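Have a look at the structure that comes next, please.
So that you can tell them apart, the chains are marked A, B, C and D in the order they are listed, and the count of residues begins at 1 in each.
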Amino acid sequence: MSSMMKAAVFVAAGRVEIAEKPIPDVGPNDALIRITTTTICGTDVHILKGEYPVAPGLTIGHEPVGIIEKLGSAVSGYQEGQRVIAGAICPNFNSYAAQDGVASQDGSYLIASGKCGCHGYKATAGWRFGNLIDGTQAEYVLVPDAQANLSPIPDGLTDEQVLMCPDIMSTGFKGAENANIRIGDTVVVFAQGPIGLCATAGARLLGATTIIAVDGNDHRLGISRLMGADITLNFTQCDVVDEVMKLTGGRGADSAIEALGTQQTFASALRVLKPGGTLSSLGVYSSDLTIPLGAFAAGLGDHKINTALCPGGKERMRRLMGVIASGRVDLGPLVTHQYALDDIEAAYDLFAHQRDGVLKIAIRP
Amino acid sequence: MSSMMKAAVFVAAGRVEIAEKPIPDVGPNDALIRITTTTICGTDVHILKGEYPVAPGLTIGHEPVGIIEKLGSAVSGYQEGQRVIAGAICPNFNSYAAQDGVASQDGSYLIASGKCGCHGYKATAGWRFGNLIDGTQAEYVLVPDAQANLSPIPDGLTDEQVLMCPDIMSTGFKGAENANIRIGDTVVVFAQGPIGLCATAGARLLGATTIIAVDGNDHRLGISRLMGADITLNFTQCDVVDEVMKLTGGRGADSAIEALGTQQTFASALRVLKPGGTLSSLGVYSSDLTIPLGAFAAGLGDHKINTALCPGGKERMRRLMGVIASGRVDLGPLVTHQYALDDIEAAYDLFAHQRDGVLKIAIRP
Amino acid sequence: MSSMMKAAVFVAAGRVEIAEKPIPDVGPNDALIRITTTTICGTDVHILKGEYPVAPGLTIGHEPVGIIEKLGSAVSGYQEGQRVIAGAICPNFNSYAAQDGVASQDGSYLIASGKCGCHGYKATAGWRFGNLIDGTQAEYVLVPDAQANLSPIPDGLTDEQVLMCPDIMSTGFKGAENANIRIGDTVVVFAQGPIGLCATAGARLLGATTIIAVDGNDHRLGISRLMGADITLNFTQCDVVDEVMKLTGGRGADSAIEALGTQQTFASALRVLKPGGTLSSLGVYSSDLTIPLGAFAAGLGDHKINTALCPGGKERMRRLMGVIASGRVDLGPLVTHQYALDDIEAAYDLFAHQRDGVLKIAIRP
Amino acid sequence: MSSMMKAAVFVAAGRVEIAEKPIPDVGPNDALIRITTTTICGTDVHILKGEYPVAPGLTIGHEPVGIIEKLGSAVSGYQEGQRVIAGAICPNFNSYAAQDGVASQDGSYLIASGKCGCHGYKATAGWRFGNLIDGTQAEYVLVPDAQANLSPIPDGLTDEQVLMCPDIMSTGFKGAENANIRIGDTVVVFAQGPIGLCATAGARLLGATTIIAVDGNDHRLGISRLMGADITLNFTQCDVVDEVMKLTGGRGADSAIEALGTQQTFASALRVLKPGGTLSSLGVYSSDLTIPLGAFAAGLGDHKINTALCPGGKERMRRLMGVIASGRVDLGPLVTHQYALDDIEAAYDLFAHQRDGVLKIAIRP
């Protein structure tokens, strides 16, 4: 094994390039994974564009599927050569935050020397790959807290079948889990990109029986039906709030899931709700949000607004892969393209411009 | 018994007057209550000022303490002459909304003839007294759905001791209940008017061990200590967000309760939260709200925002009166003034101008 | 309309007969329903055999599908002639119990004159039809608290399609709802009679991805696959606890649902659980139960045991009929036989002896 | 520092003796703690008597208060010399069980080589000190997974003040947390030993307003009033079930907490419940349990039975010490005696025979 590897690194705004980097050393609680498949996320495009700041030279990407190359001395219960995934969010489960129920919000070992004495949670700090540490768009990635984060791939599942588990599926499903869905509910899912499609699939799994998928792209709305939507609304062709009120006999939806990150979808998600309904927000917003007074019933509507960062950890990954293995959900239609790691710049170009019906791209070193 | 009674009616913006009205007839599911004590709420001041529209001629007020004068033919389990209260929100517990868990959001029997077929919940429509039907600032009030809403006053409790139960205590406690408080939590309560003071008392009852009360009035902050606050912050004298971060070692608060209804308190409540924290909102807002992007972690902070309308019903009232009877909470300090119903215009004047350290006024016909 | 009707009444242990009874008068909160379809439940067989005591002369049966013949004067939002169902459990939603979250446990208006003053909940007292008041195996039934309990049948659904909603489906689904199911869970359902089959369907709706159905009858196990079971175990041919441990890699099941009411199924349900798992019990037991010490981890296993009585009310019925209308679940295979009301004695004979693969029988006046 | 230390080891049934043992080596994720105070638990007495099997030669005890002597190479955020505690249950938070919400049920790194591939949770395997590994009744103890389990003692708190946090307080409070307590509830706590007393304090913290403590010892009942009980019942002088029914007007208790581990207390806890009530069980049972059919409403009472093993982890300990620091609860009255480690055999004798009003004994090396 050479001591060097190829990796896609952020160079400057507008530039992600393949570079040579040393294969990292393995500490006692780490694992070195040889990447067999990874993918590009919308967040990576924000990084590429310079909209989300990361250190120049950082390897980006946060969705690892691969093979254990080397285990840290204190990691047990795994074998080198085993096929594994890890979550996009790779939490330190020994942290106060994790024990307090919000593992994704803490990378406390990184800030343990801080003035505040290590109690403080840093929002989104559980997201480490391609953000705080080198990521997965490379030949190898070092997984921290490997005992907590490595999850063996069940026999019979391909890389592509589990490629959505680390991020898209975990996030989309969390959107459904955060929506307080009960059997027989009406749920409206705003935006049917990869995360919205997974939210639709998650709402179906949780017993919603009227799932209304909203997007401006009929092709995506077609896929949303495969994922479990009962009704699709193209917002360029109808007034979504009016339609939901008609479809529910004036009652409003029990829940709405926002999966885009815009003021418009956020406000519409609130407007379709019944009093007492839940808005589950998944989007990454880029400016202050406005809550419309009327839709909010001036604060008296018994509404709930829940946000989430993608959950990680080996148990989460085990469950999600179990869902795939059960055949309940087939995320195959989401992987629309294939590229070699060497060609990742072209893949970024395709993905950033959303050409050719792209949803997700499998990247293989 | 005369067939006429005195009542405080809304005449026009700026005018609430004592008028003579017929004592109402009692339908099969109603009860006629002779009011012995009621009070004025901030909402009534909004009505007085014409900021919240009600029909001219409507009797206002929504906090009934009194004696059963007459029971509807289908109401059982009560006796005429019994001392009772009913909630400010007097829900129809037979409604879809109530069976769906949000009783306060429905007055469905009033809208049953609507086009939508009676499924639709109307936000806040469970609030009927002094809003949709004649209220409690009168010699008599008709309680609808009496079987669900009349709650006998335990022996030994005075009118004044239970006067906060119908609204202020139920609302403030709901703010605490909605805050996901666990033993050992840090909770910040923004504004220490009557509802905020009850939220403080509720947070204490639920096991928060660091309760930080915020207001601009030192007198109210003094009372908040009686209600259970551990620390008080006068926002005119410190930066509240900074102080909370210092007090929690950089961790942030587990929960924040907003009890005023302004943009500033709402934003501050979000800013003091830890990632994963809960904002429980009680305020009645008067314009669109802005969610600051940073405090919201761009939507990725695992935050929860919960709103509520005051819960009603005889079981809720039974519990709240039980809390008073237990001695765990003494809301005596909240009733600062006494007026006769005939003098209610003066009472409104005092209350609207918040003179003389007024918190709540007992009104007696 | 004649003033008399036919009804199946309990005469004495072993005797249920068709008798003539007066059509009941309609009080202000009642509704008279003309039954178009009803069915026989296992509980009715216990009544027939004298194992569950009811008053001689009582009309039995508790699953009403029919048409509103006459509405009480205080009931609004419905029309005479409308097709409706009501739950087998027909709660008084104005009761303390209902407002306290356990509507099925209270028929308080019936015991309001009791010594305890009307606060006490009576276990199972929400079950009124064919238990405390005349039931549904008749030409007409009087529905109490009609405003809370009548639920209109959506257009396009047949009597047979909604016949399971009042009891079997509501109970079986509650068993799944009580099992704390999360996406990706393994759930074992013990016994695949009508309620167990509905529990299987409910577990599927809630996101369990490994559903293991257990019964001794291969025909029923075949139907359980239609309802959503992934794996079936015939307990006469294998050791169920061993099999579940093998199927879960030694982990144990996340939840187990007991749907029979015997010591053996209860103990097995506990034995298949992982530490931290939930036993959701639906069975009606006929003697004291034993909790085996080892399976219970001596009380230290973080186990949960939840029991339930069938939930009722118009909102519950609305949701369940919505599930049927969505096509997510087809309970058609459960209605195996058809009888006229006049032939109900033969139907009881068939059902009590479980002949001819009977699951549920549609009874039509 | 010598390489040897004194430790109380289990020799054989009936014999716990002070022995010399090597001070353990410190692995990368461990911490060596110099014990300054520990205590004896009822479980230790079971071990002493040979009723609970541990390996001969094992150091027993599981309640550590001490000073960090040496940190493992991979443990950060602490300083040697810092005062800390760790939970009696010292979980591996990287385990599947912990990520699945039941940290106390897994010591998976110990069983990682098992055939089942490390997915299986072992009930109570999170309890390691004095059970699976050397315990705390010694001069030094090695804390595994130190990053997750060490919790710094806040300035100003003495050893004695935090001595109950690792086990008794965490367990008793969990009993209250598992009881589904809402503001205004009636809670009955069966047995007022140290754990029951902490359950009483926990119920008080969570908003129960009628707390009924049951024991046969008037001295303990006196202390239960200090912990928050409103009413005490000596079961040798009254029929507890009858009394609770009288005190609640026939309604029954909302919750009951079992804190002894006998058939009688378990059955009584079920009998005092309202339909829909929760039995929170803390006791360690020594034989199969019987659920009485009537109290269980034949399985139809919407009852819940929850069990628990003491929660551990640094966040739990942080919260509990915060409760002590807040002054909300003073567990001082529970520490009734003081012994040197050298005299621990005498301490066991006193504690095992419950002489001299002993509740808990502080043991100091």
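Please note the rule applied: a contact is a pair of C-beta atoms (placed from the backbone, for glycine too) under 8 Å apart; a residue touches a chain by one contact, two chains touch by 3 or more.
Everything quoted here is computed from the prediction, not taken from an experiment.
K.L.:
Which chains sit in contact with both members of the pair chain B and chain D?
P.N.:
A, C
K.L.:
If you tally contacting C-beta pairs, which comes out ahead, C-D or B-C? Let me know.
P.N.:
Pair with more contacting C-beta pairs, B-C versus C-D: C-D.
K.L.:
Averaged over CA atoms, how far is the centre of chain C from the centre of chain D? Could you give it in whole Å?
P.N.:
41
K.L.:
Which positions in chain B touch two or more other chains at once?
P.N.:
96, 100, 119, 318
K.L.:
If you look only at chain B, which of its residues touch chain A in the complex?
P.N.:
96-97, 100-102, 104-106, 114-117, 119-124, 248-252, 261, 274-276, 281-293, 296-309
K.L.:
Within their complex, state which residues of chain D touch chain A.
P.N.:
Residues 27-29, 73-74, 76-77, 93-94, 96, 98-100, 103, 108-109, 112-113, 117-119, 145, 147-148, 313-316, 318.
K.L.:
Spell out the residues on chain D that touch chain B in their complex, using ranges where they run on.
P.N.:
That would be residues 173, 177, 182-184, 202, 205-207, 209-210, 230, 318-320, 322-323, 325-326, 328 of chain D.
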